[in-house]
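Shared chain: chain A. Partners: chain B in the first complex, chain C in the second.
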Partner chain A sequence: MSENGKIILLHTGLIALLLALNFILPAYHHGNIARVMVLASYAIGYNILLGYTGLLSLGHALFFAAGMYGMGLSIRHLGFSPAPALMMGIAAGALVSVAIGALALRTSGVAFMIVTLMFAQAGYLTILLFGKWTRGDEGFVIQQAERILWGIDLSDANNRYLAALVLFALCLFAALWLVRHPVGRVFVAIRENEERAQLLGYNVFLYKLAAVVASGTISAAAGASYGLLFGYAGATFATVQYSIFPLLWVLLGGMGTVIGPFLGAVFMFYLIDLSSGITNAYMLIAGVALVLLTLFAPQGIGGEFRRRVWGWLP
Partner chain B sequence: MDFGPYLMLATLEGAVLAAVLALMASGLSLVFGVMRVVNVAHGELYMLGAVFAWWVTSFVGGGPAVAFVAALIIAPLIVGALAVLADITILKRLEYDPERTIVATIGLLYIMQQVTLMTYGADARPVVPPFNTRLAIPWLEWADGGLQVFWPWGLSITSYKLFVIVAAVVVLLGIRLMMTRSRIGLLMRASQLDSETAQAFGIPVERIYALVFGIGAALAALAGVLIVPIQQAHYLMGGDALLLSFIVVIIGGLGSLGGTIVAALLIGLSDGIISVFFSPTLAKIIATILVALVLVFRPQGLFGGRAR
Partner chain C sequence: MTMILSTRGLSRDFGGLQAVREVDFELPTGEIRALIGPNGAGKTTFVSMLIGRIPPSSGSVHFCGQDISALAAHKRVAAGIAYTFQITSVFSRLSLTENVALAARRRLGHDKAAVQAEVLAALTRVGLADRIDQIAGDLSYGHQRLLEIAMGLAQQPRLLILDEPTQGLAENEIAQFKDLIRSLLPETTILLIEHNMSVVMELADQVTVLNFGQILAEGTPAEIHQNADVQAAYLGTG
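And then the complex of A and B:
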């Protein structure tokens, strides 16, 4: 089988597997996997920037929250129906990522990490400042009646799972298309050697901006969908912790692989889920995982697969 | 109270914050300056200092003064030793790669914070200050016919707060002397300028790095010990402290000790004054955005020289 065939087979196979799981999973895991698929979409967005362009952002919660609040606030205060509200969320994410990208990309390396962290923190505090509209830490619930998209009630577990699967499939194939597209190849060239990419005549700044916007927009789509599917928007999703999570998922799953973010999200989700049954200090697992990954497996699960078995893994 | 005494009070409170901040941020700045490592776990080291201070003072008898002095010595030593251990086991093996060390120190942040939560718990616990006399401060004002001395109600500072300011000044002078006058400071500066050449001249760069990381951590812990009689020890207290010290270090110019101290004064004083008059959330938003913009447009800091 050709490499292209294998790649298509692997990724459609994953989607088909998740579709099949919809009918056999017990209720608890059914809900968890729906959540994981939305979070994995967020991680896919993050991976475009970290894994393919080589830019480590510590402020992606800002994009996730921009999507979530762009959607949530337009339902709550403007009375939008879900479809245009989703669009509002995605547009908010795109807009924020253009602004942040244009500023933060003037820096690089460590400074880029800190600048994104600071902007995300400012975003989080802004949500708290306008607590009258956003209800701050407490957040607000999106009522069941406001979550009916084209006649489909998204609060129903089955519909929710399928909607999450549609979002995940869209993000997965969009990422697959992007990284195999010439633009994605330029991203990788920038990751490998920025100066050489510049020397070849690429406008490195514009390509990096494109990567930030693509990454931020996918993250915002995930944030908006999360709010809509689970009926809640709160400032917790804008905290530093939600910027660290996608980093952790991508590192664990393998940065620079399309399938990695899902693997990382599903592993980490269950690891934290299991440990929170034992202790309330479940973030300890995240900390230990981060240290061990940087020390022993910087390529993550997907990277190891690529090295040992599937050299063609995109 | 009138505006004048009010401002005076805010300035004094700000000076205490500035002193603690200067200690903490100079640790962060030292580590970044010499090792080029951004230690995201710095806030947790500060928290550990405060928690160990509570722990030591509740186990050492002989009155609050003895217990506090014991905490002042033991807590920074333990935290410094822990940091040296982290340097040898983790940072050294990452070869001090800037981006990977940030990810590793984020991991360390959660490990320290969550282990504290599991052992020390989620409560905020106080430490009794060794001395705490209230000192009223006079205020001069023009009244009918001449200058008169007032003792406005509420305008006072405790002796402990004055001690914090003095202690911070003494420690910072000590650090400065160590960096400029001592042999170990010379070795540190040599490793900072060019670690490869320093290595070639037989300087044990890796041991210097471990020492610097330990000293940086001990400074954070010392700040934690000093603040704990004013603010209680809590496992989440590191977050805000980390953010403030980032702000200070960046505005002061990454890795410049002098600039860090000036920036600590600026931020400490303005934070005290701004949060008296405005919403503290708004003050924080302005500060974080300001810092991001400083990094974008003036990466050498407001007071730094040219970027290296």
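And then the complex of A and C:
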């Protein structure tokens, strides 16, 4: 089979597997996997910037929250229905990422990490500051009646799972398309050797900005969907913790692999889930597992797959 | 004679050190020009200002009659100047194909067939066509130099600046390299920084000698060979 065929087969195979799981999983895991798929979509967005362009952001919670609040606030205060509210969330994420990208990309390396972290903190504090509308830390619930998209009740577990799967499939194939497109190849060139890329005639600032916007917009789509599917928007999702999560998922799953963010999200979710069933000190078990994985599979799960078996993994 | 490239009063200071001072340089279209000089003469600093890697302290650079002093490096490349690095700077974790494709795609856009053809043509010209799927970092140093040159060729530049291209090449590869460079004329003008005097003597139409950041002499290889000042500069008795 051609490389292209294998790539399509693997990624559609994953989507087919997740679809099949919808019919067999017990309720508890069914709910978990729905949540993991939305979080993995967030990580896919993060991976475009870290894994493919080589830019480490510590402020992606800002984009996730921009999507969540862009959606949530337009339902709560503007009386939007879910479809245009989702669009508002995605547009808010795109807008915020253009602005943050244009400013933060004037720095690089550690300074870029700090600047993105600070912008995200400023975003978090802004949500608290406008507590009258956002209800700050406490957040607000999006009622069941407000979560009916094209006649489909997203609060229903089955519908929610399928909606999460659609989001995940869209993000997965969008990422797959982007990283194999000439623009995505320039992202990789910048990751590998920025000066060389510039001296091949590429405007590296514009390409990096495009990467921030693609990454931020996908993250915002995940944030907006999360709010809509689970019926809640709160400032917790704008905290630094939610900037670190996608970094961990991507590192564990395999930076610069399309499938890695999903592997990392599922692994981390169940690692915490299972270890908290054994002991209260579940973070200790999770921590040890993370250290072991970093020691023995530094390229993450997907990266190890690529190194050992699937050299063609995009 | 039309000048493809010229500089006026081009200077660069690093703190108290004047690496390049007041250089007026002219390069006619279709020529092979060698730029030589002792270590630390300012050769790499000078060409880095031509391509826009470092900004000059003063002076201007003109390409095809346009003042490009204010243009960013990527715009100068887009205007038709290609540059190969002195210290090999390929994408070492990517395949040879992808390295050269990145060079070709900026010009050819998304036309996959044209990019593929250009990649194969460029790698064939430098003699690496049998290694297209290898990872660049796995190549020997000499072969990485050739890959650098292939990346330059794939851009089909009007001016190709090569910074010590034959460093690390074997004798037979140097002979191939000379033929390759000659075959690029007259479409491409060549500016060559070179330490290997046999390459300079055989290849260059004209030689410019840089010493202490200034042009010491200019002329045909034979004239430069005879020049007492140049001999003194190289032997350190001047």
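What we mean here is this: the second predicted complex is superposed on the first by the 292 of 314 C-alpha atoms of A that agree within 3 Å, B and C clash if a C-alpha of one lies under 4 Å from a C-alpha of the other, contacts with A are read in each partner's own complex, and residues count from 1 in each chain.
Everything below uses one rule, namely that a residue touches a chain if its C-beta (ideal position, glycine included) is under 8 Å from a C-beta of that chain, and two chains touch if they have at least 3 such contacts.
None of these values were measured; they are calculated from a predicted model.
Shared-chain residue A:Gly201: touches chain C; no touch with chain B.
When both complexes are overlaid on chain A, the residue A:Ile152 reaches neither chain B nor chain C.
Look at A:Ala122: by the touch rule set out above, it reaches chain B but stays clear of chain C.
Of the two partners chain B and chain C, more chain A residues are in touch with B.
Using the contact criterion defined above for the overlaid structures, shared-chain residue A:Leu295 touches chain B, although it does not reach chain C.
Against chain A, the residues of chain B that register as touching in their complex are 38, 90, 93-94, 98-100, 102-104, 106-115, 117-118, 239, 243, 246, 250, 279, 281-282, 284-285, 288-289, 291-293, 295-297, 299.
Interface residues of chain C facing chain A in the complex, by the touch rule stated above, are 51, 53, 72-75, 77-78, 83, 85, 89-94, 98, 101-103, 105-107, 109-110, 151, 155. The touching residues of chain A, counted against chain B in their complex, run 56, 58, 103-104, 106-107, 109-111, 113-115, 118-119, 121-122, 125-126, 128-129, 240, 244, 247, 251, 279-284, 286-295, 298. Listed in rising order, the residues of chain A touching chain C in the complex are 182, 185-186, 188-189, 192-193, 195-204.
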